[in-house]
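Chain naming follows the written order as A, B, C and D, and within any one chain the residues start at number 1.
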Amino acid sequence: MDAVTLRRFFHRHAEVGFTEFRTAGKTVELLQSFGYQVSYGKDAIDESSRRGLPDDGQLEEAYQRALRDGADPDIAQRMRGGFTGVVAVLKGKQEGPTVAFRFDMDALPIQESSDSDHVPHTNGFRSIYDGSMHACAHDAHTAIGLDFAKRMASRSFSGTLKLIFQPAEEGGRGAYAMAQKGVVDDVDKLICFHLGLGVPVGTVYGGSTGWLNVTKYLAHFHGYAAHSGLSPEQGRHALLGAASALLHIHAIPRFGKSDTRVNVGKLEGGSSSNIVPGYAKMLLETRATVEEVNAELERRVRNIIKTSAEMYELDYEIEITGGAKSIRCDEELVSVALQAASNVEAIRAAEPIFTASAGEDACFLTERVQNLGGLATYMIIGSDIPYPHHNEKFDIDEAALPIAVELLENIAALTLNPS
Amino acid sequence: MDAVTLRRFFHRHAEVGFTEFRTAGKTVELLQSFGYQVSYGKDAIDESSRRGLPDDGQLEEAYQRALRDGADPDIAQRMRGGFTGVVAVLKGKQEGPTVAFRFDMDALPIQESSDSDHVPHTNGFRSIYDGSMHACAHDAHTAIGLDFAKRMASRSFSGTLKLIFQPAEEGGRGAYAMAQKGVVDDVDKLICFHLGLGVPVGTVYGGSTGWLNVTKYLAHFHGYAAHSGLSPEQGRHALLGAASALLHIHAIPRFGKSDTRVNVGKLEGGSSSNIVPGYAKMLLETRATVEEVNAELERRVRNIIKTSAEMYELDYEIEITGGAKSIRCDEELVSVALQAASNVEAIRAAEPIFTASAGEDACFLTERVQNLGGLATYMIIGSDIPYPHHNEKFDIDEAALPIAVELLENIAALTLNPS
Amino acid sequence: MDAVTLRRFFHRHAEVGFTEFRTAGKTVELLQSFGYQVSYGKDAIDESSRRGLPDDGQLEEAYQRALRDGADPDIAQRMRGGFTGVVAVLKGKQEGPTVAFRFDMDALPIQESSDSDHVPHTNGFRSIYDGSMHACAHDAHTAIGLDFAKRMASRSFSGTLKLIFQPAEEGGRGAYAMAQKGVVDDVDKLICFHLGLGVPVGTVYGGSTGWLNVTKYLAHFHGYAAHSGLSPEQGRHALLGAASALLHIHAIPRFGKSDTRVNVGKLEGGSSSNIVPGYAKMLLETRATVEEVNAELERRVRNIIKTSAEMYELDYEIEITGGAKSIRCDEELVSVALQAASNVEAIRAAEPIFTASAGEDACFLTERVQNLGGLATYMIIGSDIPYPHHNEKFDIDEAALPIAVELLENIAALTLNPS
Amino acid sequence: MDAVTLRRFFHRHAEVGFTEFRTAGKTVELLQSFGYQVSYGKDAIDESSRRGLPDDGQLEEAYQRALRDGADPDIAQRMRGGFTGVVAVLKGKQEGPTVAFRFDMDALPIQESSDSDHVPHTNGFRSIYDGSMHACAHDAHTAIGLDFAKRMASRSFSGTLKLIFQPAEEGGRGAYAMAQKGVVDDVDKLICFHLGLGVPVGTVYGGSTGWLNVTKYLAHFHGYAAHSGLSPEQGRHALLGAASALLHIHAIPRFGKSDTRVNVGKLEGGSSSNIVPGYAKMLLETRATVEEVNAELERRVRNIIKTSAEMYELDYEIEITGGAKSIRCDEELVSVALQAASNVEAIRAAEPIFTASAGEDACFLTERVQNLGGLATYMIIGSDIPYPHHNEKFDIDEAALPIAVELLENIAALTLNPS
């Protein structure tokens, strides 16, 4: 299967963070068939470092669904309960550095469009899983990783090639748990990348900056249910408190010295029109280019949730379910990437540093590599997109896939001292 | 089975409006065993008049659950898809008036408490259905109806006894659909009642007034999803619009000439912390003692939803899913009720008219009877309650059950010209 | 001057609470000319019991304005600083009871309409004081009191007639300060009244009930000013906190067991578009038919202000600036009023008890009289109004004035044992 | 008088935009005494281009105040009504270019601190005008301009020196009206500057970028007043609508491609706690680094105000009262500034370009000069500040004043071809 075929397979089987049983299972199967030594399940991810895990029911339901859809039962069994990370290793003929490439695999909780201008729908690879969708190109990332893996399997090189397939990038959760397992502790050079982000096909950035510090929150509001007609005053309205928090979090001021973001992305509460809602919960996030400012945003979010809860005499809890930090790209690796790009015919423009305004949990991998003396970079590979990232009509230009594979091959050639 | 045993059975099998397959099925079985002529399914409810119906998936899931829990498959089959009304008729020996009694059967979408002071939990009859609970005594209403039915089966009387077991009182939905089917068109006298409402055991009101005009709404907000980090400005935030509507609906002013209520009882929207929410929906209601004022509340609610949606450039729809009107009790029937009460030893206080501040969809039945020349009343039968109606710890004092049954028997004796 | 002429004079010189220097001065002049013994200034009002006093600048400005407009300087001097209460006493020929009548004199801080259908404007007696207006008929009350005083001056009666002209009824401030001075401590019967309230000309109520418990609040929010472009995050936005409080106070739920009201009537904060507002203040009130419920409203208002302030890290203070309680009318006096009304030809309907939904600080006078063993009532005297009370186009039907005067005369005749 | 003495004089006489009668009057007097040819009043400012003018009452009151405080009556008379711009011209001995320097003169509507650590208070030059304060260093700018003018008067140079003293920089109002009058139409080089902005004493930037596009708005909300107890539903609550607009304007999302700002800086509405507020108004602003984004912010602000008004059935109007655009500094002039700075001993660091995040209406002058073929720059001159700009305790380090004067002299020397 080529990268495009694989990408469409993964697009159809869109699985959200920590439930990538079909995706990661397929990945293990293929990598094993290419001759890689593959670690996965509890060997690839630290159990207690997994933040923002879905609840047991959701994990089990997705697991059973993957089995029904043809996942290898032995492989899936070892991932059961949310252990969907995969690490593949291929040794070269001679000694040499360990060079790692990272790919993220998870989808988003979005109902994919079935509009007539949405290519995945009209071409028959729309997500078959209601409410889940690849709207951030991770399907393509995984496909690129596997096509790249296949090609490298027949190459001769020195050193060690390591491929990291990561779950749960959305929400800033999976990379941290794999880093904590130590999967990059032997890595000398780590290459990460993302497709899209407004960069057109044929343009590549060898590195990036401006990645936002991100914190993800889950807040619970506990009120008291009452009959809305007989005695509304006996209730404590959880949704009024939550709606207050939602509005005021969005009204947190801009900062003079840092770009910032706030978003309440989900809110659920109450049960019936004639009951004062006794419970509500919300998912939200903050982002900032400056780490201290994100810490200040967290302080303000906590205060707004606290005071909104107290305003309606609610109890509340706040959980941190994920996050990310900024990423620093080493100049040496950026240069390698640009040199590699210059040998890809379809790449018409190669630039050094892209300024992103998103969060990326690859930060936990790059930081660990750098702390241990290694190098890291995070590239942007252009791919035209008709709709914004995270939209129900998001799609990519698949012409980006072979370009990306060739670029990774060239980087491997430059870093794994070719014999 | 006596009334208390039945009430606990129904309490355990708490089913929300239009999904009362186990409850109504059991009711049909018992009424048939007592010798009543029983109509149900599409014979007892008008299909297209059912407002606020759960979606097909929920109806089917509840149906399958009822089958698993022992519902008679033949009976349940005829109720499949939300036809859970039941009408039982017993003819007396001589000609005479048709006297009807009405009982509602549905539960509420509340997670029942498992606190150690919650009697249904400690005594083993807590709801076995996650998220559903009898928190408004309809379990007791149905049990009273069946115990009363059993006792009347062995009585001699003139005229016709008609027992109406109604689904979906909560949300103001079921009575309307049964009235539209014509189930009370031959009724000369209609007796309805409710337990609790702050009235202690041993006190009974022969009639009631002050029932609120109620309208139930379902509002949809359609925005546009976008990546909350890269380009939040490309999103149209459905939850900000919905939260605005929620707050401002609760800020609708009090009225000088009518008591009013507003409640947003449920809100759901968005999917993930890093996506600008593209969709949200809310359930809400308005109530007023004066009908024109409730119409004015509806006008204001519609305007607030419209302008809140427009503020965030959202599309929206508003559906009316139910409602109720005020109830007028005929003095003659109130007198009958008081006379009947005077012969029940456990009733220590019998009062004419209770002022309620709740909504009741029995209004559609009483109005229809009265429009056709009949009489109606709505009684309140006392039962101490430790927590407010619609609270997760709501419970009743079961001592009210035999009192209620005896009261209904006495009313039947007075109205069905005893031979 | 007859009542209508006087009313128009007072309407032109509309003065808000505690600044009625021209109004009260004119009242003193006339009462003295009629032969009454008149107390005023610090003799009629308890200095430290005056709540919600305007600031010194406002008091002085209004004082100077009254002097410029012809107030008697000697009389005004004794009222300077907000001592605008007046008590007039007339002894009858024989001993007898002390019967008091109470009239309020203050205007409201409203800019009066100059529309072509606003009678006071087209007839040349629109308020000459920018921003102040008689929009609650107190101009008429005072005029009725003075016309009544003139007529009584030539009558023969037993006992003592006492006329109380009170400042600052709006905001619930003046009656309390006069009651604390003891002005009704010798009163056996106290008659109060209001024009309008939706009652048409020719209808009179001998008493009233349903007067709301009222509390008036002034809240201050202290934030921190900052440049809104350079460093908005360094500011603490007082208006965001105040706006939050405003919205959430209006969202306080209705109560099942009491009619309630909430209103934020004034908000001021900030200074310039490019400064994060460092200060804001708001005036608000709560009302409830049940005294305990008003106490609960106060508890909730305080909590909402506190939590809204804390949400934006503001300091805050809350002052109580006034209030009122419910009024109890003695049946004996209501009967007297109805008997008196029956002798007024222009009164076509005399009813016992009107249900008001407003607040009235006469409560402090009626309660004091009743606590000391006397009787009190509060009548409603009909007067058609084209626009609601407190609206900029409020006006009365002056036909009510002679009716009111005649009614008061008849009540005096019945209570001051005519010789 | 030296710069420090002058600065303290202006600090004491803090006058807000278009009311700088004392400040501009003093400026005219001094410039005339130095021998400059001075234009002012309607000769220096275009009447109909003055946006955001205070109302007539405020203009007149400030005018009278200036007269009382010693303003020259003849000079002030020509500025009466808000014509407070001043242009001074000094011709050199030979022909040469026209070089202009611009100084802004207005204060802010802030109540100045009287805390014991606020130097202007403890040193006796706190603003004597209640509610006005120099919290953005324009007092110093004017003082620097006058000291510089005095020194230049005794110099020999070629060309023409033009000094522009501008009113109403705050709110983005005065520069536009002077540019429209044509005061810079003959200017070849225009030098503008600001003190402070976080830059320490001894550091100077020769140019700046990042100036925000700014729009200033005044919004009116017209509701309907009613009695808050009797019939709140008859009112249309202007403050609820305004508070909604305020909150939702602050919740406008961040933009991915432009730094933005929003601020509601002032809100006033209502009159009394017992009246549903019939009117409210607010001052606000938007800012963005990208001009199109500021246009989009304006679109959103207008929509939020519209929908908030409609939500509460209010009429509304929106006025644009001022604004600013970004500023482009010409490299040639930046170089001149840096060269000039290198000759000032107290300047320890001279940098080319400062990134500001504020708005500056000098943009209208620089743009006009550049459009006509001239050059412009906007420098930042360091001055330590203990509190942020626009705070009630803002102050500057006066050591910056002689530095600034010397820097301007050096720039003049380099640009006015010294003989």
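Here is the rule we go by: a contact is a pair of C-beta atoms (placed from the backbone, for glycine too) under 8 Å apart; a residue touches a chain by one contact, two chains touch by 3 or more.
No experiment lies behind these values; they were computed from the predicted model shown.
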item	value
Chain pair with more C-beta contacts, A-B versus B-C	A-B
Separation of mean Cα positions, subunit C and subunit A [Å, integer]	65
Whole-Å gap between the CA centroids of subunit A and subunit B	46
Subunit C residues counted as touching two or more neighbouring chains	229-232, 234-235, 237, 240, 244, 247-248, 250-251, 253-254, 256, 261, 276, 357
Chain contact graph, described as a line, ring, star, complete graph or other shape	complete
Contact footprint of subunit A on subunit B as seen in their complex	108-110, 131, 135-136, 170-171, 197-198, 212, 214, 216-217, 224-232, 234-235, 237, 239-240, 243-244, 246-247, 250, 261, 263-278, 280, 283-285, 287, 321, 356-359, 388-392
Complex contacts: residues of subunit C adjacent to subunit A	229-235, 237, 240, 244, 248, 251, 253-257, 276, 296, 303-304, 307-308, 310-311, 313
Residue ranges of subunit D touching subunit A (in the complex, touch as defined)	247-248, 250-251, 253-254, 256, 259-262, 357
